[in-house]
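As written, the chains take the letters A, B and C, and residue 1 is the first residue of each chain.
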Amino acid sequence: MGKINLTALRVRETALKQFASGKIKRLPQWVDVVGDVPPPEALIRKPPIQHQLVRQRMKTIPGSSQPQTVFEVQEKRRKPKKASRMFQPVELRYEEDELRQEFFRDHPWELARPRVLVEPTKNRFQHDWSRMKQPGKRLDGESVVQRQLWLLNNVPDMTKSAAYDIARREFYRLRLQEDIERRIAAEEAEATGAQFGPSMLEVGMELENKQYELWKDWAKNEAQILNQKFASLSGAPELANENDEKEPVKSFESVEPEELN
Amino acid sequence: MARHAPNGIVQAMQLLRLQGTPYRRVIPSLRPTARFYATETEPQTPSTEALPEQTAEPQLEVRPAPEINFAKFQQRPARIVPASRAYFSGNPRFIDHVLNLEHLQQKYASLPQVPAGEAPRMAWFKLAQFRDFVGEAVPVKKYRSLLKLLQQLNRIEPGIAPQEVRTAISVFLRPGNPYAKEHTPREVDENGCARAKGKRKTSTAVVQLVEGEGEVLVNGRSIVDVFPRVDDREKALWALRSTERIDKYNVWVRVHGGGSTGQAEAITLAIGRALMLHEPGLKPVLRKAGAITVDARRVERKKPGHVKARKMPTWVKR
Amino acid sequence: MIVRQFGVRQSRQLLALSRRAPVSARFLSTETAVETPVTSSPESSVPSINSPLESGSTQSKQSLTESEQRWRKWEASKNAFHKLGSTTKDSYEPVPLSASEITLEHLLAAGTHMGHSTSRWNPQNSRYIFGIREGVHIISLDVTAAYLRRAAKVVEEVAARGGIILFAGTRKGQKRSVVGAAHLAKGYHIFERWIPGSLTNGEQILGHCETKVVNAFDEELPEFKNDLQDRPVVKPDLVVVLNPLENVVLLHECGLNNVPTIGIIDTDADPTRVTYPIPANDDSLRSTDLIAGVLGRAGQAGQNRRLQDAKDGKFSYQPVSADWLRLDPFTGMPLEAEQQKKK
């Protein structure tokens, strides 16, 4: 049998042999099914699919009047592969990768925005990136990357940094527009009677106040216990009473003169 | 992602393989896609053979079932198949029950539920009973998960719970209703005698307490004989002593099991409980004195590999 | 979905508007104010076994609890407003896709292309791998689709020949898809641990599990109940494994018993373990659900074909004969009782 166990791949062969030798009385029902739909040749290696980074550019060529599409293929590395690595899969690389990395390095906070992770099965790639805003897609970092790529692919003599600037400018404008729209919508809603409840800051302050009040109660109690301890140690109960009367906590607030007397 | 056409070597290998195996048909399209066996099996003969013998002895009381006409397609056996879809799991009936209950739970997930404490109390099968019921060796853990399911279904608001759920649940109930009988509080009987029981360690004491002048009998002997140590005597009568009623009651005790400490403390508990029947108002005093607090500690079992319950054998170098 | 939402929203508003009505009704009539909807009439005939249930229900008859009242009201309003509003189109129906409907986009959306880290790969899988991305092997989706269709074809054909198909997925969360696929394909399921020896030592482990004799329409023939004792246990004709890595024992037993297998082979699994590998991601439930659904649908198609043949009075497979069933399973001879009868 050797290193590889071929039992699973040879079920039909085994069944036929067993039947021929009389080990089994009837052929299993699946024998002709496996004959019709044979198992695949899993063990034959083949050279892996090669992937190259291809850049598409529009270039004005001095002789011709129209700009032409040029495909630049990244040079393969000259260093020959080891023979043992011949059948290893190859890294997948696309031009967007660099653009994406650059954008998110400059705008890391864009990664903190909520994202839709569900992948629809229809209309996934049918966006026209000749403009930034896309129906059915939220404006995000990926929009900038795709727009930049479109500019690089379709505008004659476009450089990477110029495309980045254009895409970014459009992106900022749209973001600003979104902000204004949101603010105005909120104002309109408030004007017509909507109530949005306390803001995040107010909620935070309230929580803080609550904790502070709790601490105050706890501190009052502690102070009283401490005073009583001191009083019992010194053997002067009237001291404890005295201290009880003017509780230390009252020093936090304005003490009324009548109470002191 | 183009489809990868097999290269020359692969094709050669394939050809070799195809020719090497004598059984493989190279052209499957020439063969009919499905075989039909209707003509291959004739109507069964034994039925016709057995028929006259049956008619020969009609006076028999126990008659065999009417002979089956296997010639009819409807009545011809075709396959032997498992009765349940969970056949290969080893406990098909249990899994069918679980799947059924889960289905019900999903179906009625939107119905309002009562809090866990307010659901009607149900006496589900004990594990052994359940194993008898399904006829399979169901592991403890799996049965617990089934019980959890049942309890969740049981929590559906009783007035709303659909009939389907009720019948599905009621299958798993123990026969009889152990939770039906109500707890009757104990009282002093007509002779003025209060009975109570107390346990400690492995001792059990049963006490009968009547009003009297302070006589104590333990297993028919005086307490001084039974408990030579003062300490044990003090403990045994602590309930009466702490409430200063030692000369107001006569105590008659039967105690068995355990040693002197266990017996003395079992008596404490029993007397405390009996005293509470006479004078319920003493409860806080007795509680504070520790006379009616149950000490539920028992000797921990010895474990294999240990000398005692937890002690490990001493380490020996060799 | 929209209709339902609409009904709920509208009914809530309307309930708020007409809150006065039941109050006035209470003053005017002597009957209980709460209407009982037609949908559920429980506790009318509760069996006498569950007395705890009964006691609970009698209480609720006298005074409905608050949540019960709320629920009944909600139910009544749902009935009243159910037909109002817009009609929905294109609603999501969770029916698994069939093999012919599967596209590469479906496979991509289910994440079947995600393999394992490159360091964990099994080089036998190199022909299924499209490339490396972020240190992870990406499985070639066209290969996946082709192998999935091939596997679906096998399932369909085996089902059409009345074979016993076992779906096994023992990872957490695969239960639902495994049971669903088995239900569709009229097969059998395993979603907990495969008990080692269920095939090689079947008498001990599956001996107590019931079997039955069915006719071509899958209707049970109870006449043969006694003939089923002491028969060898049923063995599957095809085993579909959703997580072959954890079910090595099952696959080994299938090898010993010469049973063909279908398995989802991730980039770290051994493709020669199974007869028909489906190169795909076996760690994502979405991926395994999709594949189990496709195979289940294929099995369903096969079963339908078989039943259609039965309607035409044909067997698409070699049936067991009544003669054979009446034979002694050990000796292969007619049973002694019958021999005596004949004498």
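Criterion: a contact is a pair of C-beta atoms (placed from the backbone, for glycine too) under 8 Å apart; a residue touches a chain by one contact, two chains touch by 3 or more.
Just so we're clear, the structure is a prediction, and the values are computed from it rather than from any experiment.
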Of all other chains, the one whose Cα centre sits farthest from chain B: A
By mean Cα position, the chain sitting nearest the middle: C
Rounded Å distance, chain A centre to chain C centre (Cα mean): 34
Interchain centroid distance [CA atoms averaged], chain B/chain C, Å: 29
Averaged-CA centre spacing for the pair chain B and chain A, given as whole angstrom: 48
For chain A, residues that touch 2 or more chains besides their own: 12, 36, 44, 46, 49
Sites on chain B at which at least two other chains make contact: 1, 4, 35
Interface hub residues of chain C, defined as touching at least two other chains: 127, 130, 140, 161-162, 317-318
For the chain B and chain C complex, residues of the former touching the latter: 1-4, 34-38, 40-41, 44-47, 50, 53, 65, 68, 70, 73-90, 92, 95, 99, 111-112, 114, 120-123, 135-136, 157-163, 166-167, 169-170, 173, 175, 177, 179-180
Parts of chain C lying in touch with chain A, wherever the complex brings them together: 103, 105-106, 108-109, 118, 123-124, 126-127, 129-133, 137-138, 140, 147, 150, 153-154, 157-158, 161-163, 237-238, 251, 254-256, 258-261, 271-277, 317-318
Interface residues, chain A side, partner chain C - complex: 4-9, 11-12, 14-15, 18, 26, 28-30, 33-34, 36-37, 39-40, 42-46, 48-49, 51, 87-92, 119-122, 124
Touching residues on chain C, where the partner in the complex is chain B: 40, 42-43, 46-47, 49-53, 55-57, 59-61, 64-65, 67-68, 70-72, 104, 127, 130, 140-142, 146, 160-162, 164, 166, 179, 182-183, 187-192, 194-195, 198, 205-206, 208-219, 221, 223-224, 228, 231, 234, 236, 309-310, 313-323, 325-326, 341
